[in-house]
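Note that chain A is present in both complexes that follow, paired respectively with chain B and with chain C.
And now, the complex of A and B:
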């Protein structure tokens, strides 16, 4: 997590983690209690999303007027009073709830140390319902830099050069897909964000949509500009009510600020996004089924070709990308294709977000560079957990982006040997045919 | 799963049951458009259920493998194409667990209820009667301070006695 400054604030600032994970462990009650008890003259109370440390929830970040940052974890209602009285009142941190640094028994440091945050850059650091908060950390800067200054072909060239591949699982190169759609004839083109995350145990996209919705929208705007689309759809499963609420709010804010709608930022480019809720079918994460679902038909897949990039929504060229793919895009536009291509392996660039669940100590979201070994992803979990409970790490069932090869089980013993690199070149390229993979798996 | 969800399991998780769980998920979620997925996932689920209930045979393992390969290659979309993966990979890396289920009728992870056999160790049992009180089907007999006996023919394998015992006298195989 990156240290956030206190914005030159003379007040204390408290940010409570109110993602689904935080709320499920009681963070809303904490927030309400803080709102009731804290003196607004002295304390500025904010909400934020999921910082990835779901196993530490409910948690909050406290920023002193001097700019020091304290992370409080595993909180309860009694902690609220202690933090207000003892820390803010008496300037003495409440040790009991403090997330300590080195030597912490459950190895949070190790959990964080291998990470490189691009997609999750702002998650847990900003208020997901505030456009200002997003702007303050560079939100929509990529759109500002792009519109009127870069042609769509240049944007596509950046994507191609970055080596970004679809994060839904199929791993299709994003730049190539965009080029197909940009080159396809047709006056009307569409861009769709696939937020129909339905795999058991997966919650990466939920974390991003709930914690940094503007980033996803910004990625879609860039995609729309690149392929020449005027309309975008955010297809999000109805089981993610908080993500839907925050995305809806973010869309309104972006529209009011001129990032969406007619003549964006005074340019010729017009683009708007609306939300479509999925009704709970796993298969609607597959791109052709998703398109049918948006069209109002029964969600079932179609034969390809024609691919959606040629003939998609209502027969028009359509690009479907996964939430995480879109969330990578603003960073690539700001930092350049080379910076992104510098991360990861030869064939798989950048980082990948994983959701860790099951029998581990440190469940949550991690973002690691492609090519890291499976053992390194969860860092401390295996040994810690085994020593604590006397059990053995048997497998990380389920797995990692392997096109068309999801849901694999890997034994722990082989993790290092037979499966040395997650998302290695092989991992993302073992697609058997051009019939690209599943798209809940969201194709590229 | 394919997009980056990682579920960690330990030695109390049965890999056959895990495959059955994933197949029940994909069988439920199959849209029904193409036959390999609609029918194939159902048949695979039936075989796996049979194995976890102790009615599997060694021939089932080969059928599973062949069938899984067909569903994988013949399905229309990614749902069907990846649905058999949990079977193929668990068969590849944890075949011994399948063999234990079909040949020895045992679940090494002690998770498949139908294959469990509870017993009470007479030497360790203190005759505290807690297990007999906890048993919902009165299959444990014995008086205070006398070793208790569990009649496993009537046992429903609920595990209540195991939870109740303070002395580690209840054994599960």
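And now, the complex of A and C:
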């Protein structure tokens, strides 16, 4: 969560978290209530996406005219009235619903303090349906810096130097993949963003697409520039209607602002993106199946090689990257490869977003540097029940070794959350070990 | 078949438009009516074989009409752990229908889905495009009643 300053605003500013999780917890009703009751002269009402604190939903952020920030959580309609009357009316914070700082019994502080936000930088901090909000926090700055000033080879070199590896699961170096596609012969090339996040328990990509859609689009534009593509596809599963809606709106805004379309920002570079909606096939998260689906066929995986980077969509060189991979790219372009490579471990650079769900205290999204041990994330780990209950955490990053089939990941001692070690430490298992044999074991 | 002709015009008549064309047809009719599919095969490169292959491959496509609201109960891992089965049973009981069936009044169709991505709020269900989280059977019934009441008020 990036604290958005109140920019000399003389009004109170209220931002309600309206991601799928927030809406499912009743945030839309709160928003409507606020819209009805709040005086627009005194209060500026906004929506934001998901702050990653699913266990605190529904929640809102309140910024006072002085610039102080208050996070209200576990709200209901009565609480909203109280906040309006007591806090905005009488300048007295409503303690009962305030997300407190230190010493919270359920460890919210720890939940937040170990995090390093790159992908989720703006999630929960900006209005996902507003281009201006995105521009205000540096959206499309990387594209502006790149076009006309850097060659595609330079962009690929930055990616390679950053050490970014594909966040879809296989962990293939992004720069290398881009170079294959850039070097492959062919006049027509494609960029595909894989938003078919079907693995049960994983919702990192949904969070990003719903909360900061412009970031994904910006990553795709940079990818298109690097490999020389003119067309991009965003493949998003139909089960994410809110993500589809917000991405669609973001594409229109980006086109109107000249970040997409013919001669982007007055340059020679033309690139446009269209959305393809999934139709409920889990296997389409696998790249060759996804390509078949865009081609209008059954989503059957194909043997590789040839890899999509050589022969992909309609037989043309195609780069497929995951949503989270693309969301990393603008940051890397802005801050430099060295800054990114400075995070994480020797072989796994940067950060990784994890979705936490199951029988745990603090479910939600966390972004931590690669290499952190599974024990360190764990304010959220603490089980609601005894230590042997079915706690699990799921991440498609460490959990999709092949063909889009996910595996369950469990805490295995001090296993580090990074690509090579997670496998060697046997943190990944497909079978249930008897000591971890809760009732849900048969689920996968 | 005016609608289908318009869809073919906007999406194209090549084979690779198949998934999009079917999605749009379903968007208009709620399902894939046989006449519409026949029209597609007669007026495009898309063959009946391809349509059958594609429509039976993807879970979203259906050949039968649906109710006004589609209920999708989530059976992903997190929901499964948190009692998705009970929610599914409770819906079946409350509406007196089974999975993939539609209520006699044409109000609800019940489907299940692999994962809605709201795992931290499990168990969840989605009615049309609205997600309901941290469900208990009792609350779920309340939600269904609201929909039924709203439909009644409209008629």
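Here is the rule we go by: the second predicted complex is superposed on the first by the 381 of 444 C-alpha atoms of A that agree within 3 Å, B and C clash if a C-alpha of one lies under 4 Å from a C-alpha of the other, contacts with A are read in each partner's own complex, and residues count from 1 in each chain.
Basically, contacts are C-beta pairs under 8 Å (C-beta built on N, C-alpha and C of every residue); 3 or more make two chains touch, one makes a residue touch a chain.
Computed from a predicted structure; not experimentally measured.
Legend: residue contacts after superposition of the two complexes on their common chain; A:289 is shown touching chain B, with no touch to chain C. Looking at the shared chain after the overlay, A:21 reaches chain C, while chain B stays out of its contact range. In the superposed model, A:199 makes contact with both chain B and chain C. In the superposition on chain A, contact is made by A:355 with both chain B and chain C. Touch criterion not met for A:144: it reaches neither chain B nor chain C. In the superposition on chain A, A:281 contacts both chain B and chain C.
In the overlay built on the shared chain, the residue A:168 is in contact with chain B alone; chain C does not reach it. Between chain B and chain C, B touches the greater number of residues of chain A.
Of the two partner chains, both chain B and chain C are touched by A:299.
Once the two complexes are overlaid on the shared chain, A:42 sits clear of chain B and of chain C alike.
On chain A, the surface touched by chain B in one complex and the surface touched by chain C in the other have residues 197-203, 281-282, 298-299, 355-359, 392, 394, 408, 438-440 in common. Taken in their complex, chain B has these residues touching chain A: 1-13, 15, 18, 22, 25-26, 29-33, 76-79, 81-83, 85-86, 89-90, 93-94. Chain A meets chain B in the complex at residues 167-170, 197-205, 281-283, 286, 288-289, 298-301, 303, 322, 324, 352-360, 377-378, 381, 385, 389, 391-411, 414, 437-442. Those residues of chain C that touch chain A in the complex are listed here as 14-20, 22-23, 46, 50, 53-54, 57-61, 72, 76-82, 113-122, 124, 126, 129-134. Residues 20-21, 23-25, 54-55, 57, 197-203, 206, 238-242, 276-282, 293-299, 314, 355-359, 363-364, 390, 392, 394, 408, 438-440, 443-444 of chain A are the ones that touch chain C when the two sit in their complex.
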